[in-house]
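Please find one structure pasted underneath; my questions will follow.
Order of writing sets the labels: A, B, C and D. Residues in every chain begin at 1.
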Amino acid sequence: DLPVSMASSPMVCIQDFENYAYNHLPKNFRDYFFSGAYSEQTLKENRVAFQRLRFRPRVLRDVSRVNTETTILGKKISFPICAAPTAIQRMAHPDGEKATAKALSDLGTCMTLSSWSTTNIEDVAQASAGGLRWFQLYVHSDREITVDLVRRAEAAGYQALAVTVDTPVPSKRYSNIRNRFTVLRYCKLENFSQRDQGVPSGIKGGEDSGLAAGVLKMIDPALDWERVTWLMSITHLPVVLKGILTGEDAREAVKRGVAAIWVSNHGGRQLDGVPATIEVLSEIVKAVDGKVEIYLDGGIRYGTDVLKALALGARAVFVGRPILYGLAYKGGDGVKQVMETLRDEFSTAMALSGCASLKDINPSLVVHQSHYWSHL
Amino acid sequence: DLPVSMASSPMVCIQDFENYAYNHLPKNFRDYFFSGAYSEQTLKENRVAFQRLRFRPRVLRDVSRVNTETTILGKKISFPICAAPTAIQRMAHPDGEKATAKALSDLGTCMTLSSWSTTNIEDVAQASAGGLRWFQLYVHSDREITVDLVRRAEAAGYQALAVTVDTPVPSKRYSNIRNRFTVLRYCKLENFSQRDQGVPSGIKGGEDSGLAAGVLKMIDPALDWERVTWLMSITHLPVVLKGILTGEDAREAVKRGVAAIWVSNHGGRQLDGVPATIEVLSEIVKAVDGKVEIYLDGGIRYGTDVLKALALGARAVFVGRPILYGLAYKGGDGVKQVMETLRDEFSTAMALSGCASLKDINPSLVVHQSHYWSHL
Amino acid sequence: DLPVSMASSPMVCIQDFENYAYNHLPKNFRDYFFSGAYSEQTLKENRVAFQRLRFRPRVLRDVSRVNTETTILGKKISFPICAAPTAIQRMAHPDGEKATAKALSDLGTCMTLSSWSTTNIEDVAQASAGGLRWFQLYVHSDREITVDLVRRAEAAGYQALAVTVDTPVPSKRYSNIRNRFTVLRYCKLENFSQRDQGVPSGIKGGEDSGLAAGVLKMIDPALDWERVTWLMSITHLPVVLKGILTGEDAREAVKRGVAAIWVSNHGGRQLDGVPATIEVLSEIVKAVDGKVEIYLDGGIRYGTDVLKALALGARAVFVGRPILYGLAYKGGDGVKQVMETLRDEFSTAMALSGCASLKDINPSLVVHQSHYWSHL
Amino acid sequence: DLPVSMASSPMVCIQDFENYAYNHLPKNFRDYFFSGAYSEQTLKENRVAFQRLRFRPRVLRDVSRVNTETTILGKKISFPICAAPTAIQRMAHPDGEKATAKALSDLGTCMTLSSWSTTNIEDVAQASAGGLRWFQLYVHSDREITVDLVRRAEAAGYQALAVTVDTPVPSKRYSNIRNRFTVLRYCKLENFSQRDQGVPSGIKGGEDSGLAAGVLKMIDPALDWERVTWLMSITHLPVVLKGILTGEDAREAVKRGVAAIWVSNHGGRQLDGVPATIEVLSEIVKAVDGKVEIYLDGGIRYGTDVLKALALGARAVFVGRPILYGLAYKGGDGVKQVMETLRDEFSTAMALSGCASLKDINPSLVVHQSHYWSHL
């Protein structure tokens, strides 16, 4: 082999963006982005688990043309890596959600907007006209708020609702608690700032941590399968459940008619001690048995991670923090660089494992490391 | 999700209390509290083993009302986390056992008083009138001493005897030996200080390590199943065996008619090299087959640990060192904060795993991490 | 046992040579030699995996005469450790490939010359007349270049073609990218410098990283089994496939009539996340079922590693970086010392495991470490 | 439990003696004692492997009288921990082997004298009259030397021959090689210094490393089962084979009529990569099927290690380096303290696991750590 560089930037891998963000963000912002729940075991597992998998690469296949295109819920994306919803992106960069949406749209992949965005639904849509956008929905105790969000997302051309089901209550994130977060003085939750329908006043631009707590408490802790059925009944948008971690719940979801399942542990930020998403994926794939699409997020930092997730049955993956690192580095340009880095690593990994298109990626491509030990 | 703080104290997790205690206690006190036996392998295992377990959380269940109440031996406790017996609590704070008993009673859970307490049986009872109290009994070679302790515990309203069976002889704790412990100059073993029935004089307020050794030697190394049967015959209090680590002994205990089994390795302070309690729990549960209640202590430091123990079959858990950290931090207030922290983490973990009450917690909630690997 | 020294050099094991190279090479040269792809997981695994294996040594066998001789593709070598192809050896020492070839020839074992050598095919042959030499071939998109390389290797007396199949595209090596490699200003790819047949001019002594990229891009990403068949049809030299990592591909290779299979992950420099070669070896051995010879490279740093590889079914092993460390230390002399160190460690390991000749080495000599645990 | 000290010395565990030796011995002596072969993997494994085992302690058994007595080859020892042979003990302390023999004899357990001792066979016997002594035999290429050593051991009252079978050739110990050992200038191999029968002159008090190499080369690399049979035919002493690591060789040994098998990897100093002795023990026990006694050495540093070895089937254990640490600390007194420490830790561990005598120790007492995981 040969020493060679095609670098057009000092940032060559996601770790570089992470380091940049770590070193340049104010401590309390950084803590909010980087932290996980409780002892942060799952946060670490999300990364370590990928390293327990091994590729079984096939050689001597024509990979002169590697095609990374696919579809999610019937819509084309140019590569199977999308943006997971993360709240308050303007903490990372003033351009926030707009910049993210625009970058993703330019690259031809999907952006998921958080309910707790610091740019409103409509403005984000405008900033990325023509791009594929999904809306992440927190179901509120107050049905009116929920309905309103859904209607606005529909109107603004979002193509799916990702309903987060792993957050019935706020979790224990120690670094946040230590910092007594005051960020909401600077960033407003814009989806709630222009209306007035029973939302506590603080939420219209919440100003301190007490108010933030108030917002969080509006999430419906009684959300259950019935209410999901109700939600599906009031919208024509496909409903994706984000946060499923057992085969039992995946089966129930399919039975209830959801459009897709998004395997997630909220980036290790909700229940600590749950498995890494890449480890639980196979259980979900088996339970779903091909009936709906399955996505995965959590710990994706290399193109090889994407390849592993797809080999084990994910249709596409989503990244949370890497988007924030990109934003922190250079706004929309940073997001683009992050996504391009992942895309290029992914297509290189495809070529090196003998896959010219996504349908060449199959379960025989990946085994657990212990696979080899048990044959000795 | 959202950055939010509800912190009312700089202490947000048990580690904070541990750090405080570590940094503020005199070295020899600290060593006594923190140390384990021999190479301290089991001490470490008690923690690490919890991290090898993974939750299988269920979503979309109504958790708007999380109820942590349960009973132990028929008595109500407001959450399933109680205080394990630890000797000489006045080394941690002048208020010692009284403060602990009062804090636990206020929170509506159970305090276990050590035989080697630095406050006597009666005073502790008075300090926590109405609270649930158990008495931890070391059976003495001298039957009279044993009978006396039992009678006083009965008279003072203790509701059960936790008979410690893992301490027929003192173990090898190197840091204690190195420090040539002199604590008993300052703290008296008050259960022995006001009476005079064959107890060597030193014990009535032992003054140096030689005397402490004397006390230890009074524990009956010949204690066997027959003497346990005898003990049960002389008291109406339910007898709980503390320190069972095999299915064989658990079965024998049930056969002998004990009221409950307390899985414990004495916090890694007796035989080094025994399994973490959370790992041995399933063996005991299987052997006991629902016939008596099972408790567990050892390494509980997060609410998620409690949830794991209950999922695997424990009725309730007990904490040893965390109580001492709380005492060291702020006496009774510190103990309260420690217990509240664990309780809140626990109820949050319940909600996040889809459990609204303790009966929703079942074995399918927890698997060993290797569970996922064997399916790849 | 006794304290004893037979040391004739301060360099007693491969680690010493590695440290020397690490400390004395310019950073960008060093990075090129030491680096792996992506997160360098496979690079590390190549070493760690050897440590997971355990010997089952037999005692009381006459090992007064240990014979390390064997053959590869019918040619005798004095011990089963050969040189893997590494590009641009003049970066390590001005004497480069010539010195390596001469040292290996003197020791009676095999040198594999890289396509991207900084000494041309003919000069290397001359420097090691009488020695066993193989030529590592990168198949080019331009057939003419490929044919030309093959003809020259044949003419110069190389005895086999090792066709590298794990490099259809350049991989992601971050440290190289960071260093924006300019080495080719100093070292020319001499196999391309004296001819002119469609090779982009830069390749005749490429001068910067852009050109190096150009060279890399000439490797044929469409190389498939058909073209391998074509290649075998145009040469009388045996064809060895270097870079096979699955049983499926090994079987196909045998079916296609290749002379041997070289298990390699390119020293962790191509697809990251593939298994360590020593772990995948058994799968290949089983698939090949004795029909062709199997070699292995990757992470060999001790004579005991060689013994493990042979026990699991490799005919011989190849070393890549150790050769470069030897060169960096003292040119040809350094290479010799490296190879002698490995040879002596290997023959000592043979004696200590009861093997007087290579045919005494068999699969019962090695088990995975977990073998012992599963019997407890 | 209670803080208590019975310490009569600042040295409370073997680690303390090890630290002392490490800090007080000249570097080249220290390196000789502490080092292992090649990458020292087995050296580390010998320790780590013990930590992978878990006790299943039984409670409520009368342990008021713990009896550690047993026999080896029919001779009584007061506890099952003996001294393994280590060469050149006068490097550790001027009193060397005499001090060791005397200390062991005083404690009522067995001393094994190395062939390469720095005190001769007869003087050691005299220093420990009445004590149980074994002689470790290196079989020499020159039969006369071998016969002479055997006759002298017989005459001096040694009770068994431990024939070392893992040293047909010297291994690769890097730190020794680096130090170009010159110790033999100061310490003579006294078993060879007063005679003159074909022994190269250097051996009569070898003076430099070249001579030491000469001594090592006298060990017979052709030693095989036939010569062992011959050896047994010329002596009435029971022959113990030291260094067996496979069931196959153990079975052969039994068939050949050896008196006992000593499982050893020479403290990680011969073939690196072999299993820890405690892990291979079960394989040997199964193969031997109760027909002869089995001993074990390697990595014993705690009384709990002894208990594990006995539970898995060893009759007794031997310690190598701990003896040297004791010598380095305080000559014979140091050895005594080391042995007493191990003995006390062992008998405490017996009591804590419910064993009043050695026959209460059985295989159900110990499992591999993964035992618990596979039941989850």
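Following the convention adopted for this analysis, contacts are C-beta pairs under 8 Å (C-beta built on N, C-alpha and C of every residue); 3 or more make two chains touch, one makes a residue touch a chain.
Please read all numbers here as calculations on a predicted model, not as lab measurements.
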Find out how few touching-chain steps suffice to connect chain A with chain D.
2
Comparing which residue numbers chain A and chain B contribute to their contact, where sharing over half means same and under half means different, the two sides are different
Degrees of rotation, nearest 5, to put the Cα trace of chain A on chain C?
90
Which chain has its C-alpha centre farthest away from the C-alpha centre of chain D?
A
Interchain centroid distance [CA atoms averaged], chain C/chain D, Å:
42
For chain B and chain C, let me know how many angstrom lie between their CA-based centres, rounded off.
59
Interface hub residues of chain D, defined as touching at least two other chains
53
Indicate which of the five shapes (line, ring, star, complete, other) describes how the chains touch one another.
ring
Pairs of chains found to touch, sorted by chain label:
A-B, A-C, B-D, C-D
Chain B - residues contacting chain A, complex:
1-7, 10, 12-13, 51, 53-64, 302-304, 308, 344-345, 348-349, 351-353, 369, 372-373, 375-376
Under the definition above, what is the set of chain C residues touching chain A in their complex?
28, 32, 38-39, 41, 52-53, 87-88, 116, 165-172, 174, 176-181, 183-184, 209, 212-213, 215-216, 220-225, 228, 241, 243-246, 248-249, 252, 266, 269-275, 279-280, 282-283, 312, 366-368, 370-371
